[in-house]
Amino acid sequence: EEHMAYFDRLVQDDQRIEPRDAMPDAYRQTLIRQIAQHAHSEIIGMQPEGNWITRAPSLRRKAILMAKVQDEAGHGLYLYSAAETLGVDRSELLDKLHSGRQKYSSIFNYPTLTWADVGAIGWLVDGAAIMNQVPLCRCSYGPYARAMIRVCKEESFHQRQGFELLWTLSQGTDAQRAMLQDAADRWWWPALMMFGPPDSGEKAKEGHTAQSMAWGIKRFTNDDLRQRFVDMTVPQAIKLGITLPDPDLRWNEERGHWDFGEIDWDEFWRVLKGDGPCNAQRIATRVTAHEEGAWVREAAAAYADKQAARSAEGAVA
Amino acid sequence: EEHMAYFDRLVQDDQRIEPRDAMPDAYRQTLIRQIAQHAHSEIIGMQPEGNWITRAPSLRRKAILMAKVQDEAGHGLYLYSAAETLGVDRSELLDKLHSGRQKYSSIFNYPTLTWADVGAIGWLVDGAAIMNQVPLCRCSYGPYARAMIRVCKEESFHQRQGFELLWTLSQGTDAQRAMLQDAADRWWWPALMMFGPPDSGEKAKEGHTAQSMAWGIKRFTNDDLRQRFVDMTVPQAIKLGITLPDPDLRWNEERGHWDFGEIDWDEFWRVLKGDGPCNAQRIATRVTAHEEGAWVREAAAAYADKQAARSAEGAVA
Amino acid sequence: TTLHVRYLLSLGDDALVYAQRLGEWLTHAPQIEEDMALGNVGLDLLGQARSLLTRAGEVEGGGRDEDALAMLRDEREFRNVQLVEQPRGDFAVEMARMLWFASYQCELWSQLTSSADETLAGIAGKAVKEAVYHRDHATQWVLRLGDGTEVSRERMQAGLEAVHPYVAELGEDHEAARWAAEQGVGVLPSSLTDAVNAHVSAVLEQATLTMPDAPRWHARGGREGVHSEAMGYLLAEMQHIARSHPGATW
Amino acid sequence: TTLHVRYLLSLGDDALVYAQRLGEWLTHAPQIEEDMALGNVGLDLLGQARSLLTRAGEVEGGGRDEDALAMLRDEREFRNVQLVEQPRGDFAVEMARMLWFASYQCELWSQLTSSADETLAGIAGKAVKEAVYHRDHATQWVLRLGDGTEVSRERMQAGLEAVHPYVAELGEDHEAARWAAEQGVGVLPSSLTDAVNAHVSAVLEQATLTMPDAPRWHARGGREGVHSEAMGYLLAEMQHIARSHPGATW
């Protein structure tokens, strides 16, 4: 009781909850699920971009891309560590990913078809991710908030690199400009779906948004964040000299925002439930790497045990 | 005794020995070894060229190459069948290939590095093979002689296609002409080695040549065949506008033949004994295909047994 | 690109890309006879592809020949179904793919022998005989593997499951096909589906195999140039030499 | 190409091609930490390659930059050893390759810090620290795998056997290296071999592994552009997009 009062006060005062603090079980479970899903998204998100490492058209771009994919592995690791402070462990979370009991961002179920997709992921997908994640830097759970600060810093760097890649294409040959336009056409709507289904207006009572906001995990509704993203991104598209695949996209002077068209939520649910172009492939690649690596992890554990036994012997002797 | 007299008479009269005829065991073993080695060469020889099927630079050339590699599989099959008339079976011979107890032509232990190598194999390797094989169409063993007639017909077609491929390169860009010259530089000497070590003059008493000639298996010495090959090929090289990598190559008016330089027999023996660039790879590829296909062959056998049992039942009922 | 050209490309790219995958089998088949047989099927498809791409170039009228279309188009311009571009699996997966693809081609080509595009009708007349042979070859193997050993039955069933999510795309009425069907040039893919399924079902039954359940996901988009991630690697290999020597003749 | 350029290309191509192979590991490593570590080694090598190819282009004086050299050269112009171009094996094979290659690079770069080519000396100064880290990483894993479980010891030993025929080529005194050593620009590869072998032997002993016997066959010819058949496929993948857009900037 007393503990919970302390928790409520911390949340109310916008202070951080730390691992040693008592917290409601539902809060803990919500965070575990959210942080794990976030970590999984980093790990699975390595695949669509990793697909282009061996084919990057210049060595500079190859280096940037390798570094980016590597950063994502790093983000995954911080986030699994943050989740571990809540009393789960990484291998348990990976098992849930591998068996489909925990999800990752559905955006990574789309294939990367051209080099421009690498840029589009940086620009749109990382752009949307940052929009979602910046508020999480002030999340009520301390380890998650701190992980997010580091992640956001690197992701905004990636986002700028993605834009710069596309900018170079926009200044290039006809084929390069066509590639750019095509990538924007394919990634725009999935990027808008990244903010999740509507949760404001009439929809405000459905879903987890209200509870997450009360707990200081979530700060803005999905719809608010989506609008911010559109407002930030449309001028960048104009700068790139491309169109976005939405006939209803127009500046609304009155609202001071960009209006945009209806999102195809059927597609969103379809892909989320497994009927996306790459769902099966992404999990299969991940599971194969994990299973093929089992003997390596076992060897490392056995070696560590031997070493520990040896130094214990040494200490005794 | 009587049987052997019949055998000797057939050989002497340049008639064909047929499978039902008695023959000396050494004759049988020599033929098995030679025909098996020849069959293995067809099968292993599919690999260096097969390496270019997926990368052929035009669809016409891709079709020609696929057809050629397929023909080689066919040649392998005729030759294994010819060997089987001598009382061995194919799976036994394949085992010997896979375990290194029987050899294949050492030329296939060199890698195909460029598209021009596909042409060079047709021109030089098939050219040398034909030179070796045409006399075998009159070999004393009937089934082998008949297989050779068919093989030679197709190989001379391949040889012309190889030359035509190179001719196209010779009329092409600088890069294509350089590719052509490079392929000739790498394949010339290995092609000359295909006729085997010297077996005329002082060397006439070593090796199997004398016995094989007495049996009507071999008609010309290695050295004779090699000279014929050089005499046929040098003018073709001139037509292609390339040089051959032999400073001693020159027309000898007196002999009426092309003189050529010393062959590096150390290299020949080295590659034959396993120290060639692709020996291990060729056998590994072959063994992997065979092992990965075991369950398929077993299924086909099981199905055939079931079908036979069913029709036997049907016949009884 | 007009819809006529796009229709021809959809047919030609199916054949070309599957020929490319079959070409990978040579020297890797389970027995030498099968190196020859898979090579044969690949060669037939390559022949179809060459005629179809040549015809597409003629209709397009821009001077592109079969090689320009095969070697110099980018991934997003290829209009084949994703079935044919999938990486080579084991022999059971290949026979499952071939059974479905050849069954589809049998129905397709037999309809197209009366195409209003006479060149296409001519191609179909030759191709239908080839497709019947391919279907028969795959049928024989599905029977042997399905009704062979326990191991082979399991692998054959797994092969069917692996291929099944890619099958429905063959029956998709994409824009170019709808146009072609209206013009009497082509045929609606969906109109072939029942006959294809009937043949495959009959084979599976005889082979003591089970038709896979409707897949959770199925491939789509190939006809609009949206491919799986395997496609880029296939094209890299297929086009590298040709792209490395711009303007050269081979 | 002058011998100076050829020497720089031999160093740069080793780094580039190995970086390319290591790039294939990302998303396939046995644990996420290892995705990062292999990515790191790959990135270091890619950085070395970029500097070395840029320098080679400068010395050549024909206006070729790192990308022209990486993306537009044909197979026969690449001068890397065959060790680095071999297809990705299992993790033990990779650690065996990395142990030998990084041990070689440690000796190489520490010598080249005093190269008469000052740009090369500068590259070496940075690279030697990287190579020490790579060698250490591989060493740690060879110890863990060698002295880990029975399975891992067997696989590690098999990895060493698989890689061993490609090792001797690192110590081959090819023409460009002989020239470079005479000029004080480079170092004779054979002069590094003892130190490389000493390090590797010490690691293997501690890891309870056995140094493979002298191989029946060993790779040769990479420095003269004679590669194994795996190289063409690696280049097809690496160069395809760049080759598909002649003259484009990325």
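As written, the chains take the letters A, B, C and D, and residue 1 is the first residue of each chain.
Quick note on the criterion: a residue touches a chain if its C-beta (ideal position, glycine included) is under 8 Å from a C-beta of that chain, and two chains touch if they have at least 3 such contacts.
The shown structure was predicted, so the numbers you read here are calculated from the model rather than taken from an experiment.
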item	value
Rounded Å distance between chain C and chain D, as computed from the means of their C-alpha atoms	41
Whole-Å gap separating chain A and chain C, where each centre is the average of the chain's CA atoms	37
Overlap residues in chain A, where contacts from two or more other chains coincide	55, 175
Residue list for chain C, restricted to those that touch at least two other chains	74, 232, 236-237, 240-241
Pairwise touch network: line, ring, star, complete, or other	other
Touching pairs - complete list by chain label	A-C, A-D, B-C, B-D, C-D
Chain C residues within the chain B interface of the complex	16, 20, 23-24, 26-36, 39-40, 42-43, 46-47, 49-50, 53, 66-67, 70-71, 90-91, 143-145, 147-149, 151-152, 155, 237-238, 240-242, 245, 247-250
Touching residues (chain side chain A, partner chain C) in the complex	48, 51, 55, 111-114, 175, 182, 186, 273-281
List of chain B residues in touch with chain C within their complex	43, 46-47, 50, 53-63, 66-67, 69-70, 73-74, 76-77, 115, 165, 168, 171-173, 175-176, 285-286, 288-289, 292-300, 302-304, 306
Complex contact set, residues of chain D against chain C	74, 232-233, 235-237, 239-241, 243-244, 246
Contacting residues of chain C [partner chain A, same complex]	74-76, 165, 216-221, 226-229, 231-232, 236
